[in-house]
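So, here's a batch of structures to check.
Both of the next two complexes hold chain A, though its partner changes from chain B to chain C.
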Partner chain A sequence: MNWLSDKAIARLRSASAEPDFAGTRYRLIERIASGGMGSVYLAEDATLGRSVAIKILDVPDSSGELAARLQREAHILASLEHPGIVPVHDAGTLADGRVFYAMKFVEGERLDRFSERESTLPGRLRIFQRICDTVAFAHTRGVLHRDLKPENIMTGPFGEVLVMDWGIAKILRANRIATPAEMPREQPRDDSGTLAAVLSLAPLETAHGAVLGTPGYMAPEQARGDVERLDERADIYSLGAILQFLIAARAHGTQTTPRVLTAIARKAMDADPAGRYASASELGQDIARYVDGLPVLAYPENVLQKVGRWGARYRLAIVLVLTYLVLRALLIFWFRR
Partner chain B sequence: MKEDTRIGGPSGKFPATRWSAVVAARSEDPRDRSRALDAILAAYWKPIYKYLRIRWNKSDEDAKDATQEFLAQLIEKEYLSDFDPAKARLRTFLRVCVDHFVANQTKAASRLKRGGDVLHVTLDFEGAEAEFARARSPLTAAASAESFDQYLEKEFVRNLFTLAVTDLRTSCEARDKLRHFRLFERYDLDDSDASRPSYAELAQEFGIAVTDVTNHLAFARREFRRIALEKLREMTYSEEEFRREARSLLGVEPL
Partner chain C sequence: MNKVTYGLILGGILGIFDGLTSWFTPAVRPQLMGIVLGSTFKGLLAGVLIGIFARKVHSRGLGVLFGLGVGLLFAFFIAYMQRNYYVQIMVPGGLVGLIVGYATQKYGDSSTASASRT
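Presenting the complex of A and B:
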């Protein structure tokens, strides 16, 4: 071999850029996604014989800030044990120096793609309630996601709904994040103090004025870079935008969007955080009330609307009662004749 | 878990070599300087030959003579002492030097076949000419300086990778891992018209398990990457330049 063609050079470049799993239990299979901070690879865990997804930092990071962010994301995920959050199995540094963490490999679809197929409103609202549950859980643990959007939600083939990509999460209360004793068994314990250092730095990770998030899904205060004032209500704004996406995607069909749902989305996306739902649970509960035909917080009703909703909720019972009354009247009329 | 897969654990181990030929080429020590020049010439003589062929429209014989003459002058006149890494990359500096050299070259001087007494690097001009003919660039002599910089860069990478592959083969042979190299050659370097073999097909062809194919290829690629980065480091002046070059030329972020 004396000469390398352009094709061979391209292959060598690609091979050179692959992560080096030497000395780990993982065997690279393929790259499955690339983002702003890193790539996600499908790999085989040779010890346990299962597929895992491995997120690796592979962008320039001379300051080490991105590596710290990825490590922090792994710690946050490890601390949030919930069916709606992908579990982390392992984390560390590869032989080539790149920081990584291994997580469950989720076979599914992103919500933005899944919603193109899921045409029923109840189906979409069920998914949305699951997202609210997961976000509410994270908030109780003192973690803001800060980048909620359909692209960061995965839906699995068995009804799983997973909130992904916690890379720019903000920790509101550092003491709520897992202590070493709370870490899952697979999580490497760092006795050298690295974990403690990460946790102590965590709430201060984003400088005032820095804007992290996705336009269209970002709360106004987040878009202004008002980092100190961010709280759970920033995520609630994003949830409102996701709800709006879900109902708008459905509205591309022939059906019109229920006004109540539009009102719920508007309340969640109020420009003033004080006007939004106080918690993700409250938002989820309003959706549940809508599904059950109950009045919702976001939509004050007049008498006619109340009657209409009541009628819709008890439609079957009303039909049965009315049928019974009509039959009864007919029978009375028949026998009196 | 092993220490090196821990968060906060020891990080990258490559490349171990921190030697820079660009720095050493200006050393006071003649042995250091000679070694550095050999490394630079090994990396650049072929791109320079091809550049002379395409930019200055020289015949293969004239390009061969001009390359030898230029390299001899590079050493004797210590061109590299004028190189300022803050102003330009070594590639661009060498291109400008070549352009000046050609512009000042008298017809009589161009006929001088020099270099044999000062050059320690083997210059396989026949091979270089065959490569030039095989991958003829669409560039013409009238192309912009930027285009020629890109051409030189591309040929520099080709030469760097070729040298790295040669070293990889030597290293594999020395470590009784020739099969690793053969697999690498078959999977990553072979660009024949036939479709790229799958790992399973390679396993059958080489009579080994698929997991061995994965492991052998991973080893060879890791070694290739290490060697290529070492060579690239030799051709850069500073750590910052090395990182920048690794990212832009190899698509690699050395950590």
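Presenting the complex of A and C:
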């Protein structure tokens, strides 16, 4: 009797874990990422002839909490139409009971990897402003992300910035997102795994005391599991941590971190939610003010600092006026000779 | 700040200085106030024209040339009215135009123009 090699067993195990898309419009190409809840595969949509990313549970769990979370994530993504949020194309359940949803395949790299290449501060701040815009949009729709971190931000080759992984998002104001009852009647509702069927689930609530998020990027109240008191400011804390990551990654070089940016990150990450920015837009606007050489909310300036900032902002004009005055003085001297 | 505003402000500031330096010419010192007002107005007008040019033509060389030309032309009119001090008036006037031409090409936002067209 011949024993199977470890390699062969590993290959068999991997093949058995791969989802079977038989009977769907998708052809599996490769696994591109995996996380605590499931994996993301690159697949081809045979009907439309395009690449899609499919997020799917690692184990069949069509009626369990994980499935509900994945379905809820698809529901939230489908409700948030914004250039900074990856669009959902389809959702369903495989024959083996695994729940999945198909989304746009984003070709790019994660922010943590991108930041290793992008060395200019303005380039990083531009990306950060786009993240703030996207998060601000989600907040206006009553959705908290709750897991904002560089690994969950994708940057595309054409300047796209996409906030990913809304798996543990919290709906603050459920009325802002169409609930299944509010869905138009003409939406298909069947049991064969179509989008409408998969999304027709009540929003999942996270139990008080449950801690979801990533240490280092999680607001203190979120880390305490104070779920009921979480609001937009928890995401603002995470945005502050992302800003700190971006400026710290830059500081690994020879340049020093501007004090104003450190102050902005500190304000966003205040232990007391009341001390943070009131909204993601406000944080983004403070970054814009910093970029434009204007005073920011997070950093009160003294007179010397005001003069220094003014001088830096109008450096060229000052240099040109001084150049003119020097040349004019030379001309006067020359004419009077 | 858009290019026209940038040109206006820089042209005005340099115009004031341009007028004030006439204090060093004792013969015209009594007319200092009129000269300062005239050269400020000249600087503002030249700044606006150079700013409009910079908004339409994106070329540092052409911008500098246009600025120099406008500065010299305006200064020539002033010198012609006085029938004197051609070099003393035209050289600084040309210098103002040249500096404003360079500054409006390098700095200032031209997006206001495209936004107003849409």
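One rule holds for everything that comes next: the second predicted complex is superposed on the first by the 296 of 337 C-alpha atoms of A that agree within 3 Å, B and C clash if a C-alpha of one lies under 4 Å from a C-alpha of the other, contacts with A are read in each partner's own complex, and residues count from 1 in each chain.
Just so we're on the same page, a residue touches a chain if its C-beta (ideal position, glycine included) is under 8 Å from a C-beta of that chain, and two chains touch if they have at least 3 such contacts.
On a predicted model such as this, the values are computed, not experimentally measured, just so you know.
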item: Which of chain B and chain C A:Leu304 touches, first, second, both or neither; value: neither
item: Touching partner for A:Leu320 - first (chain B), second (chain C), both, neither; value: second
item: First, second, both or neither for A:Ala91, with chain B first and chain C second; value: first
item: Which superposed partner A:Gly23 touches (first chain B, second chain C, both, neither); value: first
item: Contacts of A:Ala274 with chain B and chain C, given as first, second, both or neither; value: neither
item: Chain B versus chain C as contact partner of A:Ser5, first or second or both or neither; value: first
item: Partner with the higher number of touched chain A residues, chain C or chain B; value: B
item: Footprint of chain A on chain C - complex, ascending; value: 9-10, 13-14, 17-18, 21, 24-25, 87-88, 91-92, 95-96, 99, 102-103, 106-107
item: Residues of chain A defined as touching chain C within the complex; value: 316-317, 320-321, 323-325, 327-328, 331-332, 335-336
item: Chain A partner contacts - residues on chain B that touch it in the complex; value: 1-2, 4-14, 127, 130-131, 134-135, 157-158, 161-162, 165, 169, 185, 188-191, 211, 214-215, 218-219, 221-222, 224-225, 228, 243, 247, 250-255
item: Complex contact set, residues of chain A against chain B; value: 1-9, 11-18, 20-24, 27-28, 58-62, 71, 74, 90-99, 188, 190, 192, 194-195, 198
